[in-house]
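Input: structures, listed below.
Two complexes, one shared chain (subunit A), two partners (subunit B, subunit C).
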Partner chain A sequence: MANLELYGYVILFAPLVATVLITCLTLKHKALSGWVAIAGMLAALTANALMAAEVFSAEPGFTRVYEIEWLSAGSVVIPFGVQVDALSTLMGLVVTGVGSCIFIFSVGYMKGEEGYSRYFACLSLFAFSMLGIVMSTNLIQTFIFWELVGVSSYSLIGYYLEKDSAVDAGKKAFLTNRIGDFGMTWGIILLFYTIVDTLGWDRASFSFEDLRLLYEDTGAVGAIMAEHAGTLALATLLIFTGAVAKSAQVPLHVWLPDAMEGPTPVSALMHAATMVAAGVFLVCRLFFMFAPYPEALAVVAWMGGITAFLAAALAFVQHDIKKVLAYSTLSQLGYMVLALGMGSPPAAMFHLTTHACFKALLFLGSGSVIMGCHHEQDMRKMGGLRKKMPVTFWTFVIGTIALAGIFPASGFWSKDAILGSASINHTVPGATFLYGVGVLVAFMTAAYMGRCVLLTFFGKYRGHAHPKESPATMTGPLVLLAVASLFAGALSLPKGISAEGGWLERALVGVQAAPSWFAGVHEEQFHLSVAIGGTVAALLGLFVAYMFYGSRKWSIDGFVSKVGPLHHLLEKKYYFDEFYLWIVREVQQRVAVLSNFIEVHILRWIVDTIAAIHRWFGGQIRLLLDGHLHRYITLALLGVVVILTAVLVGN
Partner chain B sequence: MIAMDTTFLASSPALAALGEITTAHYVVLSSLIFAVGLFGVVTRKNAVVILMSLELMLNGANLAFVAFSRQHANLQGQVFVFFVIAVAAAEAAVALAIIIALNRVKGGVSLDDATELKG
Partner chain C sequence: MNPILLLPEFVAVAAALGVMLYDLWLPKDRKAVLCTVSMVACVAVFAATFVPAVADGGTAFGGSYLVDGMALLLKRLFAITALLVFVMSRDYVEDLPRGRGEYYTLCLLATSGMLICASVNDFMSLFVALEVVTVSFFVLVAFKRDSTKSVEAGLKMLVIGSISAALLLYGIAFIYGATGSVFFADYRALVEAPDFVLSTELLVGILLVFLGLGFKTSAVPMHVWVPDVYEGAPTPITAFLSVGSKLAGFVLMLRILEVFGRSGVVADELTPFLALIAALTLFYGNLGAIPQTNIKRLMGYSSIGQCGYILLGVAAAWETGISATLFYMTAYVFTNLAVFTVIVYVARSTKSHEIDDYSGLARRHPLLGAAMTIGLLSLAGVPPILGFVGKFLAIGAAFARPELQWLVVCGLINVVVSMYYYLCVIKRMWIKDARHPADPAVPRRVKIALVVSMIVLIGGGLAPQLVEKMTAPAAAQLGLSKTPR
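== the complex of A and B ==
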């Protein structure tokens, strides 16, 4: 098992080595930079696969923590290391697996770009940051990599430096994430302070496994923890705000659609498959902190449900193919968060895994389409690409089927797990309503994806370019991801389909704390009614999309004119951006003016006055020094005489 | 331990009248030399004269060092004197160079002309 530590560190540092090599050595050699980055990623993938072979064959709940003492202040030690368990291994596989496909795809997509080497350096840095979160053993390490992910995301969204919109989008993403991180910082501080305050310095720790022991304690410590349930639940929710920003949940979702300004593979890797999943992963990792507080979980569940619905509605009015996928991602992340709130991390991780496959596939497919149409992203100027880009078309359709949740693609199983967990939940207020929202979102998902496929690949070509199929470095990853999208569902077939029930659920048994109220909630059963409901909703969605955009029997313009105000609300994205702009202009600006006034006219006045007094005294003393050496000597002599006299008289 | 042979002093009738020469005598003499030097430094305008006065002050101090060195019967004072002499030599070299430069720029070595270091 000693190898596990080595695997862990290889996974973590291989992409960093690639980053350093590219920035220090190969910036000038574009092709080499790309291959260095891919080599780093493949090394991490290999190590992760070897790790998976050991971890997944071990007993359920298998956990190993390898740490070194990184910083210490008094009795507080901040460790750095790798945590090897089913959760980190699975998430690592998602990041390195999908990451490898996207790195290879990028070679084709970014061909001839000016900043090719910079792109791969940033991409590798992102992989390092992301794997740092995945492998982290404690809150501080997580937080550091959490910020690093923010930075690398910023640099990649703003990759097209010369485009103002890209630079603005990068800033927006970074600042929105900062808001969440601010909450997370306070959550960590509050958690640590509460533990120190109630249990003393001896029990204070940032490590997940130490914290878990505190939360799962059934003796005296547990009793003390229960006494401070309110404070601890607040700390948990504050940490959750970090996840809200990173996983783009309403109301901190505004950055994600804008983040599509980055190159398409970046959108696929970060803003669909991995980075935005970090929030979900964090909640899974810290699930023992949520589990004792049904109220906290209710907040999580409602946030997820609301996001899933609002984002899905927005996807209908987008014309940019990437924006459709972006809102779809928001909606699916809402699904995952909903599953977390319903007390089922395995369902969330399951959907995270399958979603990473098919959403990366869809994004890369859209990238291939965009390349084919000569960097045209507007679906109104596409159409009829089915014949011209057959590989892209078929893989895109597979991704759509998986996303819509049609049997037997992977999305069917993971969506079913989430809907199942919602249908049997009895702790979240309004769980039945949220289940209804889930089914409705399944319908909407199928509908807007149907619209997207029909507009892009069917009908007549409406653009002016000459689309042709993309090169093998691009279609290869598409095919790989399509296969994964179809069969990833086999990871965790539920009870009732396979004999022993969900594999993931068993593997992730360590993730779940099990307070008394919790038992049975997460039991992953196959419910025929849930599956039929979800499937019917999805098929209905596809049918509606066909009637509007395929056969054109129903008029889309007529429909829009009937729901005018609603359509307008969607076009304006519920006025979130306007609202934030208003806050910045009206509220923040006034606070800033006031602060400026206080600083300039009060604080600076105090400081300036003190300085002026000293300057005046200095000016007076300066008159003595007129440049005549004799005066200096005389003064010095006088000083000596005074001091000597004082000393002698004193004695 | 360096023994100072003072027997020849006794052969002089004038000196014999003073009685034995003690450390106090040396210190008084050294103070006088130092005071003369200081007076020169404060009152004279000519840079060269000031430099010579400075040397007097240093040597006044040197004399006190040696006297006390003898009284305490150790070599520390004498070692200091060597340092002072060495430093004085260096100082003289630097100071003379400055004075020459001053002479070139101002056409004289009076310190009244060199008042650029006005605060």
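== the complex of A and C ==
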């Protein structure tokens, strides 16, 4: 097991080494930069696979923390290190595995771009930041890497520097995430303060494992924690706002669709597979903080359910193929958060894993399509690509099946796990309603994905380019991801299908740490009724899509005219952007004008006066030493006399 | 009697004499070899401090000479200082019309004086060692004989240096009169005796010694020579003065503090005295730096200000304070020498020391710009650079003593004030457009030195415990009280 520490640090630092190498050495050698980045990622993947071999063969709940003392102040130590357990290993595999595919895909996709090396440097920096969150042992380390992820995401969304919309999207993502991070900061502070205040400095810590001990204590400490349940639940929810922003949950979801301005592989890696999943991962990591507070979990569940539904509806009115996928990502993230709220982190992690595979696949597929159509993203100008891009088509279809949750693709199993957890939950108010929303979203998912596939690949080609299949560096990763999308469900077949029950369920036993009221809620059973319900909903969705866009038996225009206002509401994205703009213009701007007045007329005067006083003294002191030696001598000896007198008389 | 303890000094003196002789044989255009020899000598001095017989410590010459943790640490710092000064000197000396050989000899002699300063254990050796350093510097400061500024600087330094030597001797005489001995070992026994009573003569003597040493450390009121001399001296010599000579003064201050500070009575007298000097020095240096337009003069005032921070740690006068002081000095070596290296090479291309001529440096020469920025930020005490940790520890040590809280406030005010003038230089380098299109040509050895310094500054700032591992035991070995009195 001694190697685990080494593996952990290799996973963490290999991408950083690649970033540094590219930035310092290979910036001018484009091809080399790409391969350096890929080498870094593959090194991390290898280390992660070796780690997985050891961790997953160990007993359930296996956890090792390797850390060094990074900063210390009094009795509080801020460590830096790697935490090796099933959760971090699994998440690491998702990041490095999907990441490797996307890095390789990028070689083909980004060919000939101006900032090719910069792209790979940023991508490697992102991988480092993301793996930093995954491997982190404590809240402070997590927060640092959390911010780093924000920075690298910003630089990649705005990758096309010359495009104003890309730069604006980068800013929007950054600022929206800032709001979440603000809440998260306060959450961490409140949590720390509460612990110091009630348990004293000795128990104060940022480390996950230390915190977990506090929360799971059944003795005196546990009693004190229970007394402050209100404050602690508030801290938990504040930390959750960070996850809300990063995982793009309503109402902080507005940045994700705009983030599609970045290069498509970036959308695949960060805004579909990994970065946006960081919020879900964080909640899993901190699940012991949520578990004791049913109210907090209810908030989480409702937030997930609402996001899943609202985003799925928006996906219907998009014409940009990437936007469809973006809203679909939002909706699927909502699913994961719903599962968390229902008290089933394994289901959330399961869906996170399968989703990473098939959504990355779909994004890369859309990238291949976009490149084939000469950077055309509008589905109205596509069509009939089935014959022209066969590999892309078949892999895209596999991705769609997985996303829609059709048996036996991976999405079927993970979606079933989530719906199952919702169907049996009896602690979240309105759990049955949320279960219904889940099934409805399954229907909608299949429908909008059916629309997407039919518009893109079937019918006649409506564009003006000459689409052709993409090179092997692009189709290779597609095939790999397609295989993963089909079979990732095997990771965790539920009880009733396989003898031992969900493998993830057992591997992640440490995450769950259930208090007593929780027992038995999340036992992952295969529920035939749930599975049938979900599948029927999905098939119905595909059927509806076929009737509208395949056979054209139902008129889409007629339907739209019947639900006019609703359609308008969707086109306007529920007026979220307008609402935020209004807040910025009307509220924030007025506060800013007031602050500006205070600063210019009051604060600056104070500051200027203080500065002027110092400058005046400085000028006087400068005059003391004006070059005349006799004056220097007088000054020195006078000083000696005065100081000696002062000290001697002072006694 | 254990002369092997003096191995580092032997190496330095032998190198000085060797360079002087070798100079006679060398043709005029090959004097650069002497620089290489001197640099090798510095490495040898550094290595000599690790020879077990030296590193184990002990005393020699009947107790006049002492090697302990602090002495070893300082000797290593002096070796590094001299090495970095030689790195930046080579091209500078090549540009001099004459006296290239003497330059290296004198620098090595000064270094040997500093090495002895770290180890003195009686007042006679103290005075001799100090004068070896000071006299070498008189010549070096006036080395550009055809420059009035340089000669004037040498003269000013000589006059004020003599006065300070007189103060020092006066103080030593008082102490001798009060105790009848010049040996530190006797003083240690005396002040630790239970029936020790502090006489006024002894106190005056100690205070005068500190004031005399203030000349080297550029503490108020013996700081008056600093700006003129820093401006007039050849730039590498300014660097050497600002680091080597200053640290020699500080190691002597710490030694005397260690000797007399064992007695609570003396320490209690010294604390307000040192605190007063520290506060005056802080304000003098940092306020005086604000209106400066010449970078060397600015660094002169900055060096006075930095002296104030080190004094802040010295004034705290207990183990943590000394440890902080040693840490600060270690950080200061790398910081100040990096800044001066940049100054030397910028001046080579612009022929100017005006701060205005640093405009656009960061774009013109990113390495020089980066080194200067990191160096100045370290002087200002911005995390995560080594200088920040030094300031943090020094101010923290003073903070632990309730009667020094006012000094802490002074220290913090001055951090803000100093931030202003350091950032003004940085702003010029990064934001203003370049005045001089000429790119400074920087040889590879200087690039390496700058990169290494930057790595030390940032690496040490991120992992200060690595530096503390060297400074804390050296301070603990001195045997001062572990808790503030």
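Here, the second predicted complex is superposed on the first by the 603 of 651 C-alpha atoms of A that agree within 3 Å, B and C clash if a C-alpha of one lies under 4 Å from a C-alpha of the other, contacts with A are read in each partner's own complex, and residues count from 1 in each chain.
As a convention for this text, a residue touches a chain if its C-beta (ideal position, glycine included) is under 8 Å from a C-beta of that chain, and two chains touch if they have at least 3 such contacts.
Note that the coordinates shown come from a computational prediction; the quantities given were computed from them, not determined experimentally.
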{"item": "Subunit B versus subunit C as contact partner of A:638, first or second or both or neither", "value": "second"}
{"item": "First (subunit B), second (subunit C), both or neither touched by A:647", "value": "second"}
{"item": "Touched partner set for A:625, first subunit B, second subunit C, both or neither", "value": "both"}
{"item": "Subunit A residues touched by each partner, larger count belonging to subunit B or subunit C", "value": "C"}
{"item": "Which superposed partner A:189 touches (first subunit B, second subunit C, both, neither)", "value": "neither"}
{"item": "First (subunit B), second (subunit C), both or neither touched by A:617", "value": "second"}
{"item": "Footprint overlap on subunit A, comparing subunit B with subunit C", "value": "622, 625, 627, 629, 633, 637"}
{"item": "Interface residues, subunit A side, partner subunit B - complex", "value": "622-630, 633-634, 637"}
{"item": "Touching residues (chain side subunit A, partner subunit C) in the complex", "value": "69, 611, 614-615, 617-619, 621-622, 625, 627, 629, 632-633, 635-640, 642-644, 646-648, 650-651"}
{"item": "Touch list for subunit C against partner subunit A, complex", "value": "155-156, 159-160, 163-164, 167, 200, 203-204, 207-208, 211, 220-222, 224-225, 227-228, 269, 272-273, 276-277, 283-284, 287-292, 417, 420, 465"}
{"item": "Subunit B - residues contacting subunit A, complex", "value": "38, 41-42, 45, 111-112, 114-119"}
